[in-house]
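Here come two complexes built around chain A, the first alongside chain B, the second alongside chain C.
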Partner chain A sequence: MSTTTKQISLPVTVPIGGIGHTGQLRQFYGLFAREMIKTFRNPWVIAMTLIQPFMWLAFFGGMMSQLPTAQLDQFLLRAPAGTSYLSFLLPGVLATGMMSIGMFGSMSTIQDKRFGFMKRILITPTSKATVYLSKALGSAMRGLVQIPVMLVAALAFGVHLQGDPLTWAAWILGLVFLGIGFSAFFLAITSSSTDWQTRGSLRTSSRCR
Partner chain B sequence: MADPGVIANFITVPLMFASGAMFPASIYPTWMRDIANVNPVGFSAQLSRSVLTYGQFTSTDLAYLGYLAFFALLMVLAGTALASRYLRVE
Partner chain C sequence: MIGNGLAISAHGLTKNYGKLTAVDHVDMSVPRGSVFGLLGPNGAGKTTIIKVLTGLSPITDGTASVAGYDVVRDPMEVKQRVGWVAAEVILDDDLSGWENLWLQAQLQRLGDWKGRAEQLLQYFELTDRKKDKVGTYSTGMRKKMEIALALLHQPEVIFMDEPTIGLDPNVRRMLWGLITGVNKEFGVTVFLTSHYIEEADALCDHVAIMDLGKFVATGTPSELKNRVKEDFIEFETSESMTAEKLQAVPGVSSVRSQGNTWIVRVSSAEEVLPNLLRALKTEGIHRINVEKPSLESVFIDITGKRIEQAGSEVQDYRKFYMSVRRARQ
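On to the complex of A and B.
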């Protein structure tokens, strides 16, 4: 009975994330995929994303749509005759929805800190910039969920949608840019924060740790 | 940063109302129109409205799209620089 010790040789280049930019790209992809999975597995995330713009469309739009046509035409200056206030409001609701989506992104970052995920991911060679970018882009992509839902809601409310595929690509691209910009902005200003209880309220507390 | 919720409210509410998203910015008082003239929310709303509501796409809309691309790029670059320095682990 011979006991041969098996020599285990580790490869010199340990492929844990790799070294340099190529590794960061792979880590970015993994973290971005995590954001997507987290979004689409949890229907509540999507529901939270949709409630606010839908409320605006239903209540604010419903309230305004009962104004007399003369007043509406006076307000909606460029509108051709017969343009409803809802069709005027829909693009605005989509844009404001994309702005507020960044707040959900920074909330989920704070959750990651609280549950220790951020600590674990930053022990690996993943850079802070990679974590940040995956969060920001993931948050912007989450905002895109509202577009098809709001369009269907608007159609159900009787809005006629114009445009052709090319111009549709242009306005959707504009919304993507807006979402990326605001997600990046909110994540940056809250990147040093760990507070999640007081989000959205006007409380002037300092961080509770 | 003291309280992100407070900061977020201070930013989203003015940008939402001073944008032309709910009403045309032409009926605003001057100080609100000044905000609307640099507000990316308003530019995005204008761009979408041109296409979806009025069925047109002018050179102004192309400029809006360019402004939005510039806004996104600027925020991502500035944010990456800030986050790689100030991102706290817990």
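On to the complex of A and C.
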């Protein structure tokens, strides 16, 4: 009971530090930063994010490069000399990587709902749109970290990157949008559910109470 | 803004989940600065009332205002002025205590919040551990941290949903001290739900007893206890018993039964118990309880059952859920 007898000078006035869009921006920043801290503080998440693209290229790329396909022949015939099968594979790997990141990103929302943290957020003057945006961008950001890793991995496996910087910038921008798009899409599907499997089965009927 | 001097007011407040009516035409007025207790079994609708009053769940019918603002018209104004302490401690275990406070400050859009956060940590004796992840805190510390979060933005009303459920007696008593402190020293209106009779009795200025979505009695704890001046004797017997036989025992004023369990209302348990035992076959009695005038006997008087008994199934589920959560931590 010692806590009740202690006297400290309270309360200190705490002003509201932002209204309208400024306030929303702070709420967004808080939630987005939470996503980033939670992700990148965990060494396993960082390790897996970095290792996954290498493993993909090494195992999947290694196996698939043995398959003779007409389409691949066409690609390699038209491509400049020295183009490897991995160059053929790389864009696809990155695109599917963005999709899987989107799918797994929505799990953090389900987790927040299951363990009640979503209630803690929604009991503050934070709009659902702000929560949605911070979750979608947080999820996309986790995926985007893989792009440079993947490019380094591709170079390590002997892929020659060609084309002008503008094409590359456009291609990376496309991946960014793809990451945001997939994250937002899967988040929309899971937003009305607390079921871990929802993102795969597209069920939206169950309700969060 | 509604300036009626009340921290919370509601008229005809109703909440349906499909066909289930969780809250059924509830009226209430909670004066500013008071501690209001909602007492009832699990499943009575207590948590649902908190959800609709804090804007977490839409109201089906009726009106409600909290901290002077209408819950339906101005939910954001209400959310800016209320704090919330959940039944199960809800914190981000991956973040430190300070980071949890920082996030709360962002969500509440607070200006210079650090001074107040430091003082709250000092008040709740958490300063030394502020940089540690809250996942490493003890149960009591987690509960304190949750109350600190709820107080950071200087709320006018703090909602505490079963604040001491699943806690051991020492932590419970420590929390009682904190709840009284929060009310007196911070000047915050406290709205708490509980199914512990002694908790409502010890902490609350006003109590509403709730069962099946309705307020069945309201008043100060002493007013409610004065409603029932007689004692109750509750017993379970395998003997086939009739109400008439029990009514014939001198001193018994009324009789109720639920299966093999009988509840008799008597002028004085000490005087009637020997007579009652003479009228019963003692070998058939499995259990016998005497209930002196208390909030529990008010509940028994109105509903014909004990608070624990009324919510036992839900409570078992809750205990299981709590144990899973604790195991996870």
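Keep this in mind: the second predicted complex is superposed on the first by the 146 of 209 C-alpha atoms of A that agree within 3 Å, B and C clash if a C-alpha of one lies under 4 Å from a C-alpha of the other, contacts with A are read in each partner's own complex, and residues count from 1 in each chain.
By our rule, contacts are C-beta pairs under 8 Å (C-beta built on N, C-alpha and C of every residue); 3 or more make two chains touch, one makes a residue touch a chain.
Since we're looking at a predicted model, the values are computed, not measured.
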- Query: So, A:34: does it touch chain B (first), chain C (second), both, or neither?
  - Reply: second
- Query: Once the shared chain is lined up, is A:122 touching chain B (first), chain C (second), both, or neither of them?
  - Reply: both
- Given the touch rule stated above, what does A:163 touch, chain B (first), chain C (second), both, or neither? first
- Item | Touched partner set for A:26, first chain B, second chain C, both or neither | second
- Item | Partner chain in contact with A:95 - chain B first, chain C second, else both or neither | first
- When the two structures are laid over each other on chain A, which of chain B and chain C touches more residues of chain A? B
- Task: For chain A, give the residues common to its interface with chain B and its interface with chain C.
- Result: 116, 119, 122
- Item | Residue ranges of chain B in contact with chain A within the complex | 1-9, 12, 15-16, 19-24, 26-27, 40-55, 57, 61-62, 64-65, 68-69, 71-72, 74-76, 78-80, 82-90
- Item | Touching residues (chain side chain A, partner chain C) in the complex | 1-4, 6, 8-19, 22-23, 26-27, 29-31, 33-34, 37-38, 41-42, 115-117, 119-126, 209
- Item | List of chain A residues in touch with chain B within their complex | 60, 75-80, 83, 87-96, 98-100, 103, 106, 110, 113-114, 116, 118-119, 122, 127-129, 131-133, 136, 161-163, 166-168, 170-171, 173-178, 180-182, 184-195, 198-207
- Task: Quick one: which bits of chain C touch chain A in the complex? Just the residue numbers, please.
- Result: 17, 54-57, 76-77, 79-80, 82, 84, 86, 88, 90, 92, 94-95, 99, 102-113, 115-116, 119, 122-125, 149, 152-154, 173-174, 177-178, 180-181, 185-187, 325
